[in-house]
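Going in written order, the chains are labelled A, B and C, and every chain counts its residues from 1.
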Amino acid sequence: MQNYLHINDLDNLQAVVDEAVELKKNELEFGFLGKGKTICLLFFNNSLRTRLSTQKAAQNLGLNCIVMNFGSEGWQLEYEDGVKMNQDKSEHVKEAAKVIAQYCDIVAIRAFASLTDKEKDLAEVVLNNFKKYAGIPVVNMESATGHPLQALADAITMEENKVPHKPKVVLSWAPHPKALPHAVANSFVEMMQLQDADFVITHPKGYELDPKITKNSKIEYNQEKALENADFVYVKNWSSFKEYGEVMISDPNWMLTADKMKLTNSGKFMHCLPVRRNVIVADEVIDSRNSIVIEQANNRTYAAQIVLKKILESL
Amino acid sequence: MQNYLHINDLDNLQAVVDEAVELKKNELEFGFLGKGKTICLLFFNNSLRTRLSTQKAAQNLGLNCIVMNFGSEGWQLEYEDGVKMNQDKSEHVKEAAKVIAQYCDIVAIRAFASLTDKEKDLAEVVLNNFKKYAGIPVVNMESATGHPLQALADAITMEENKVPHKPKVVLSWAPHPKALPHAVANSFVEMMQLQDADFVITHPKGYELDPKITKNSKIEYNQEKALENADFVYVKNWSSFKEYGEVMISDPNWMLTADKMKLTNSGKFMHCLPVRRNVIVADEVIDSRNSIVIEQANNRTYAAQIVLKKILESL
Amino acid sequence: MQNYLHINDLDNLQAVVDEAVELKKNELEFGFLGKGKTICLLFFNNSLRTRLSTQKAAQNLGLNCIVMNFGSEGWQLEYEDGVKMNQDKSEHVKEAAKVIAQYCDIVAIRAFASLTDKEKDLAEVVLNNFKKYAGIPVVNMESATGHPLQALADAITMEENKVPHKPKVVLSWAPHPKALPHAVANSFVEMMQLQDADFVITHPKGYELDPKITKNSKIEYNQEKALENADFVYVKNWSSFKEYGEVMISDPNWMLTADKMKLTNSGKFMHCLPVRRNVIVADEVIDSRNSIVIEQANNRTYAAQIVLKKILESL
């Protein structure tokens, strides 16, 4: 594998999921693969799970890991071509990416959506410029439009909690006080489209995700109807895609409650974290035995590790 | 040893001190103990000695060490139960602690006192919630009410500078322009209560430490009288405990001077650092041959290393 | 080698350059040298290349590497003697340097010029105090007046691009919207003074560098005349030295363009990066085949590695 920018960069999702489940049994087995090699983790945004789990995965593979917070430890980058750089940007991504690529064998990048410039966000300006100029494998640690390490961790977690029938999986919007990006929802949708499942997205009208991503996935505006007989309920807030980055409604009735979970088939509760309790989900749901959010977070290590393993194997 | 939250988590202080002194002679001897294991250092506050010495100690033990500045690299945590999290806290400690615990084998935490909410500080909200939810060993890198790694380093330093008689040890308050926490003083008092020494605390009236900590320790309000024949003089500022977090007095006469040191039995000068020269202590004292502050700082490595060694041995 | 504060700390520049070129062929060959040893990188200013390449170099030598951002992770240091420290400085460099030195075997420091206090900048207050008190090898990762790791990387890059005659090398000032330090220009000048080359400095009047550094190096105020037949063109902005730290002129005509490069002998374009495109240099120059800025940045790893190797060999 050359890069991991998108869930579709995996040749065969199910095979990778199976391999990750196997890897967990002996996570240090491939500690020789990264010896003498270096990964740089570049954070343009804050992070907890991604920061720690990717370092852990790198360590498990024997990789030297260098972490840099670009905002506070570096400076602003210019991404436009041909600009007279006499304002607030100190370096062009052309130089930054080429230079960093010489100090490491793999570069992983977190660069959230601006939620103000739809065109630039959709163009994945940061990620794609690094890919274009770095010339070494690039890993997406959550970009403007996707979070494929999260989606892979989600797939691993669903595999470990699989039901003996074709599962019903619901992705439900939930309210949140701030405008949030679409990355996690997008990658979950794209991952589910690769699965043999009855997949339903539910959200208030006006919160439709990018139709280029949802494609033919079923959308049900009635949350309770969507939840009926669900085996997995993935909850997540996102801001409007059409009225880009706006919080059009924050109806508390969309919070996931225990009563709503009763509609499901003893459904598992999923969320990428961090989660706002009693806003996104009621305490009684996230604290229930059916909550698998901590397992999801744990699988972030193995999602990162299997991806880095595949990249190291093709270096 | 399961956790190191308090000096009393050590079964036998003297035995641990002796072991640390021995360890210094060959600090890489146990470099195999941490192989394949990870420690996360979580800083909710700034740090110099603790940051570097704990990393050094981890390295000496072969541990993989991941450092995270929670404030600038992560986000604010919620510690209250049942809260509707629609304000400035993005994640509950329940999730954060459980998640972090999956990426490492030991977690070490620095979380200072607020000095504004006495009840929460005394409850050690950050440390105790991590202990409650993480389920892995937790190490205190200075909490609201204690700094047991410092106290252990102090004990090691006093052992290395021991006198051939029962020592007189004085903990003296000194002035400081800002309100400081009680953690270092508390842990020093608690450590001294485990020692066979003539221990005296001296400070202006109104600066009494928590009586639940000082217990029967002798308090002498006359600094000069306290210093008479002292073998060790530990100087430290703290804010008022009764008028919680207030700076009630900053009498420059409480600064430790060479004249005052003449009252001692060629006493050793101790301080945890950082120290404000010519406010807490006169240059002539800290620069004298009797100053052992640099030795104290050096022993921070071995205090951390012996604690991590004992935790690793019980994993 | 005891310290690397200045390019002149190298016994023999050419020999070191040759050794670095050789080292690049097998950069992991000396991975045993740093085993069980630690380097601390202290950043008082932001950094990209220095941050990553020095970590990479340390890793290649098997060194444990601890990175600290002094400003955001620590606190302000006092450098004056005898001060009553009741203001904004929490710790004196005397303690900080001595303490840090106990946690590591080598300390590397980045501390830029203030550009407001010429006397202090010229005294290299941060670097020299660390050297004075640390008592362990100190490496300059760009100080107030010099950037010798950059100059060494530049020398390595020029060696790898050498011409079959005595080269003409031009250091040209270029405009920049902000006031920048003299460190890179100073160290380049001092490095060139050790080379057998026709070396010319060109800048507008008023931008003379410190005459104690330029000494007898040729200064040509006519940029085009200076560029004639140049084999290497090193472009860099700096603020006025005489009117210390001021931007007296920012004439866009001093930007390096393709037309100007036509005056050279197919000259190589050099810059330390980060560079502001179309302010310092036109896109067409930095994007041309004659641009070796990425090679320079790559050689930062080997400059650091050869310096650390020599220090480790003398420990």
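Here is the rule we go by: a contact is a pair of C-beta atoms (placed from the backbone, for glycine too) under 8 Å apart; a residue touches a chain by one contact, two chains touch by 3 or more.
Computed from a predicted model, the values in this text were never measured in an experiment.
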Next on the checklist: Please tell me whether the contact surfaces of chain A and chain C are same or different in residue numbering, using the over-half criterion.
Outcome noted: different
Checklist outcome for this item: If CA atoms of chain B are superposed on chain C, the rotation in degrees (nearest 5) amounts to 120
Next on the checklist: Centroid from C-alpha atoms only, then distance chain A to chain C, rounded to Å. What do you get?
Outcome noted: 39
Next on the checklist: Going by the contact rule already set, what residues in chain B reach two or more other chains?
Outcome noted: 72
Checklist entry - Which residues of chain A touch chain B in the complex? => result 28, 31, 43, 46-49, 51-53, 55-56, 59, 69, 72, 177, 273-279, 283, 286-287, 293-294, 297-298, 301
Next on the checklist: Going by the contact rule set out above, which residues of chain A touch chain C in the complex?
Outcome noted: 36, 38, 40, 64, 66, 68, 72-75, 78, 81-87, 89-92, 94-96, 98-100, 102-104
